[in-house]
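Each of the next two complexes has chain A plus one more chain, namely chain B in the first and chain C in the second.
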Partner chain A sequence: MTAFVDILFGGVFHAAVLFLVAAGLQLVFGVQKIVNLACGSFYALGAYFGISAVNWALKLGLPPQLFLGVLLLAGLVLGLIGPVIEALLRTVYHRDEAFQLLLTFALVLMFQDVLRFFWGANPQQLGDLVMSYGKLSAGGVIVPTYNMLVILASIVIAAGIGTFLQRTRFGRILRATAENREMSQGLGVNVRWMYASVFTLGTVLGTVGGALVVPTAAASLDMPVELVVEAFAVVVIGGLGSMRGALAGALIVGIMRALAIRYYAELEMLAIYLVVIAVLIARPVGLFGKPVE
Partner chain B sequence: MRLAVIIAAVVALAAFPKLATPYYVTLLLPALAYAIALLGFNLLFGYTGLLSFGHALFVAIGAYGAAVMSSKLGVKSFELILLASGAAAVVAAVPVALLSVRYVRIFFGILTLAFGMLFHSFLFKFYDITGGDTGIRVLRPSLIGMDFKELDKTSFLVGPFYYYCLVLLVLAGLLMWRLVHSPFGLQLQAIRENPRKAEYLGVRVRLLRFIAFLISALYCALGGVILAINTGQSDPELAYWTHSGELVFMTVLGGFASFFGPVVGAFTFVLLKAELMGLTQYWRFVLGVILVLIVVLFPRGLAGLGQAAWHKLRGARP
Partner chain C sequence: MDQKRRKILQALGGTGAVIAAQPYLSFPAFAQNAPLRVGIIAPKAGIAGTIGECGLRGTQFAVDRINAGGGIAGRRVELIVEEETNPKDSIERLRKLVLQDKVDCVQGIVSSGVSLAMGAVAEEMKALTIFWDGTTQDGVKETMVNPRYVFKSTDNECEAVMGSLLAVKHWKGKFKTIAGINPDYSYGRNNFAAFQALLKKFGIEHTVVADQWPKVGTTDLNSHVAALKAAKPDLVFSSLLFADLPIFMRTAHGAGLMDGGTKFVFPAAGFQHTALKKSFTPAGMIFGHNTLYFDHPNASALQKQFVREYEDKYKDYPHWEADRAYFAMKVYQAGVEAAYKAKGAWPNQEDVINAIEGVKVESLGGPGMMRKDHIAEQTFYQGITTHNNRYDFPTLATPVDVMYSDQLQKPTGMDFWKWIETATIKL
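Our next item is the complex of A and B:
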């Protein structure tokens, strides 16, 4: 029982963070049809910037209990880079996928050194700030309250995105643009503005994800490239472009990782890739994906 | 004219060890290795239109093939190592290709990436078999039965080994040239332009994609063997997805639309990276900027630029 609850908490926490990044990836793929390799870089940027932001806040005399808010704010502020990068990607929207993928790969390379320039090559940590929210005990397992708050925040964000996409006017226009770009342009949708805002939203999801995870894990320069493959696994399992898929994929990957780490550490990532390959073979569009072509 | 340029380039490469310091010659060895690998990679990418983001997998198989053969099995013959590693890569490529060629575009890319990462985590985690993150040492091979005991490591690499690899590159290039100009190569290009139309015309699309995949895997493994002997070590980073990304980077830098583009890209990338690493610790940023410029402004790569310049020159002097 204890082991079960432990795996569940660990897995769902990891899934909560993965979901945020994967949701950003899905949003951008759904609308702009670009697979953004740099989503992991946004995540790492959020993590590093989150550390700096919390340290500044503490220096300014803010009580440590407010650090969750500071992290969220840090993630949101980083959204400012979204429009800048979108302006660069705009040059390849009409080009072959190879170029789109390579351009985001160029971003990965550049961000790697941006992180190195500002924060150095050594991993950074936030110390034991996580514990300022205390601990919770459930089913014989003690987990930091912070982890529960992150799961909660992720659920709130997931519900928020769902409502936003399904119920608001902007969400409907967004889905229409994803479905048929020319038609919505013909109906008077400002596609350029739409793309910029979608990409910014995708960026923010990534940076917030990174900022939220950093109190529990160190930020390192391997973060961006390692996270990309996990986020890829999530979207492939769930189905490219589907939000529900991102949620299901994140839960599968998160819990499988927690299981593997507990029982057979050698299988950690191996198991996830095997699931990815199995899904691609059995159902190439993923669990919730729509058929292409 | 083109032939003259190629002969001049090969002669220049052959004369290079006599003219330059050993440091630059050892730099050219990975360039030769990547040139061979990319000739194969571009059969799949440039000619067949399938972008793999996981071909580092086969480079790594070549490298680990060299490591296992030389350190664990005690095989010294370079020819045998090339044969065995190449065969291993083709065998490993069969299931990967069978599954991957059912898809195109982004799905093909992601599936190959997943296979590459699968192999990476195998190399990384199964310490007992693969040596984990440190990998396996690669010992100096013998060439055509000669082990060159009198030479130290560097003079072996910049001497006989360099010339051997240069000859390999020329042979690999000639073979690839024949391939892409054969009916097989033309059918691949037809598949790239319009798979459905090609199918109606009787081209066996999946089979040909499959064969192209195997050939590309073989070339990548041969490149991997040379890379590993040059560094003397095979480590899991060789299979990491960013290494696959570098392969694509080099190909596009040189120009995937041209036969010699990938070769040009390999040499340019290796030398550029070495120079940048000497100049600044932020070399990745500069490489990223260069990649952005290539993608946005010069999608036909250096070979495309060269061709444009040549046509302009010819146009100015009719």
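Our next item is the complex of A and C:
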């Protein structure tokens, strides 16, 4: 039983990481109908900037235990690039999806060079800082406290987004805009501002996610593409544009991966994409996606 | 911006100007000659970026010493550095170095995937090439049995063989179940297979309870660690060697995998030695430092000088790629100078190649030679880790185990697995 909980925990941790990337992707597609391949780049940017911010803070004498706050702040500050990128994407809102994909893929490649320019080409890590939070132990299950915090952060973010979309006035306007942009515009909604806000929120999800996860992992130039590939599996399973789908998809991918690694280590990707294929055949719009009318 | 990388490149470019002013005491006849041009192809980015960087520093150290001593047979050495990336692009850079820059020798290459492809091209182009760390093995099978122009490093499996021997020596009778977590390409697969073959050779009955094959560059190893923990192995063998090794160590420590009596063998840990902090890397593990252990108490004066200068200049401690790069340059120097001495005139490439075959040199990490089949022999260092040192990462407890590679790699023309079965290997 202890072993199963360990495996489950590994899967849920991976799901938490994937959710943070996929949530930004879903939010932007849900409202702006743009498949933003650059969401993985925002994640990587958050990871690199988070490392630099923590190193600066430590040099200034910040106690190591407070590095989590620095990471969160770094992720939030980086969200400022959201409106800039959104202004660029405005040029392709009314173009074919192929143009949108090409532009966001170009952003992925450009960000890779930006990362290389500022942080160099070698993977970056935060050393043993994560150890300062210790471990949690119960019934033979040992979990790094920091990993638990990342999972909790993802849960809080998921709940926060759900509440924001369902319970707030802005959320209702946002959903209405997602359903019918022209109607919203006709009713006086400032769609341009709405799009900029949503894109910035999507960007922040990525940058905060990257910053939060990097103490347990490493920041590398390859991470944007690798994450986007997995995030797309999440989106296909959960349904494009659905936040609940992002959550369900991330959990399915994370746990399937963990089980595959435990029982058939060489079939890790096969196990995930078998689920993707099954969903595409049985329910092409994904578990929580809406059919296109 | 990567200031360190820029400084290295500036230093490489600037060396010629500094050294040009120095008198050539040993070979005055060539003082007016053009410099010897050596092309270096090394990774500067990605998972092997830090490895290439360390190798370049080893090359620079060698070239500075050679030029300060009057150059190679009186000709100073000039470096032209190109980046090692994928096989296709790296081969294009080899062509550029040979055809456009007209280099006298090409050195470098960390990835066996690149060297496997590049070896054949270098042979075809008749370009004298000395690999730092690359081989021309497909798995453990040699694809270039009798190369003429290509000189290879020691076999990739040397560190796995030595790590396995130390596991047998120190822990025989103390483990029955084993698990592996190794990179998912031929290096990782061969290393784990070699470990099992050696356990069999020494009559150690064992059961493999888990084998994990994360892709190189995987940054979330929580599920892999959970799988290892679930399998409850007595011993874990891992040839992880890039940025994924510190991640594994941190994850395994955090999940309690190291809290029990499980034993660990990391034959390639030396690549990441400074990143494996004491706070998450317990003492008592087998670590491999390959052909350069920076803190060896009995190190040569040459190694001590190199480590001291490296620490002063880069605020870091070198690993084995610096030694491999230094070794390659010294092998070339020894070959050229031996050929020059024998001929009494400047040797051609064929003369140099003939002289390199069988040449012995003193490398940073210790003695080495180039076999007549163009495979290097070098000195290897491994041991049990200790926290009893002045660093924030573990080093090796004394006495450090030292083995020459004639005990660790197959002889000319022999099948690797057959060699393991039949070789007389001393523990």
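Rule of thumb we're sticking to: the second predicted complex is superposed on the first by the 292 of 293 C-alpha atoms of A that agree within 3 Å, B and C clash if a C-alpha of one lies under 4 Å from a C-alpha of the other, contacts with A are read in each partner's own complex, and residues count from 1 in each chain.
Just so it is clear, a contact is a pair of C-beta atoms (placed from the backbone, for glycine too) under 8 Å apart; a residue touches a chain by one contact, two chains touch by 3 or more.
Here the structure is a predicted model, which means the values were calculated and not measured.
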| item | value |
| --- | --- |
| Clash-or-fit label for the pair chain B, chain C on chain A | fit |
| First, second, both or neither for A:I281, with chain B first and chain C second | first |
| First, second, both or neither for A:L221, with chain B first and chain C second | second |
| Which of chain B and chain C A:L247 touches, first, second, both or neither | neither |
| Which of chain B and chain C A:L27 touches, first, second, both or neither | neither |
| First, second, both or neither for A:T91, with chain B first and chain C second | first |
| First, second, both or neither for A:L107, with chain B first and chain C second | first |
| Partner chain(s) touched by A:A258 [first = chain B, second = chain C, both, neither] | second |
| Chain B versus chain C as contact partner of A:E266, first or second or both or neither | both |
| Contacts of A:G127 with chain B and chain C, given as first, second, both or neither | second |
| Chain B and chain C, minimum CA distance [Å, superposed model] | 5 |
| Common interface positions of chain A, toward chain B and toward chain C | 116-117, 265-266 |
| Residue ranges of chain C touching chain A (in the complex, touch as defined) | 1-2, 4-5, 44-47, 49-50, 53, 210-213, 217, 219-220, 222-227, 229-230, 242-244, 246-247, 250-251, 253-256, 259, 275, 277, 279-280 |
| Residues on chain A engaged by chain B in the complex (per definition of touch) | 35, 37, 88, 91-92, 95, 97-99, 101-103, 105-110, 112-114, 116-117, 225, 228-229, 232-233, 236, 240, 265-270, 273-274, 276-277, 280-281, 284, 292 |
| Chain B - residues contacting chain A, complex | 45, 51, 53, 99, 102-103, 105-107, 109-111, 113-115, 117-118, 121-122, 125-126, 240-242, 245, 248-249, 252, 256, 281-285, 287-289, 291-292, 295-296, 299 |
| Touch list for chain A against partner chain C, complex | 3-4, 6-7, 9-11, 13-14, 17, 116-123, 125, 127-128, 130-131, 135, 137, 142-144, 146-147, 216-218, 220-223, 226, 257-258, 261-262, 265-266 |
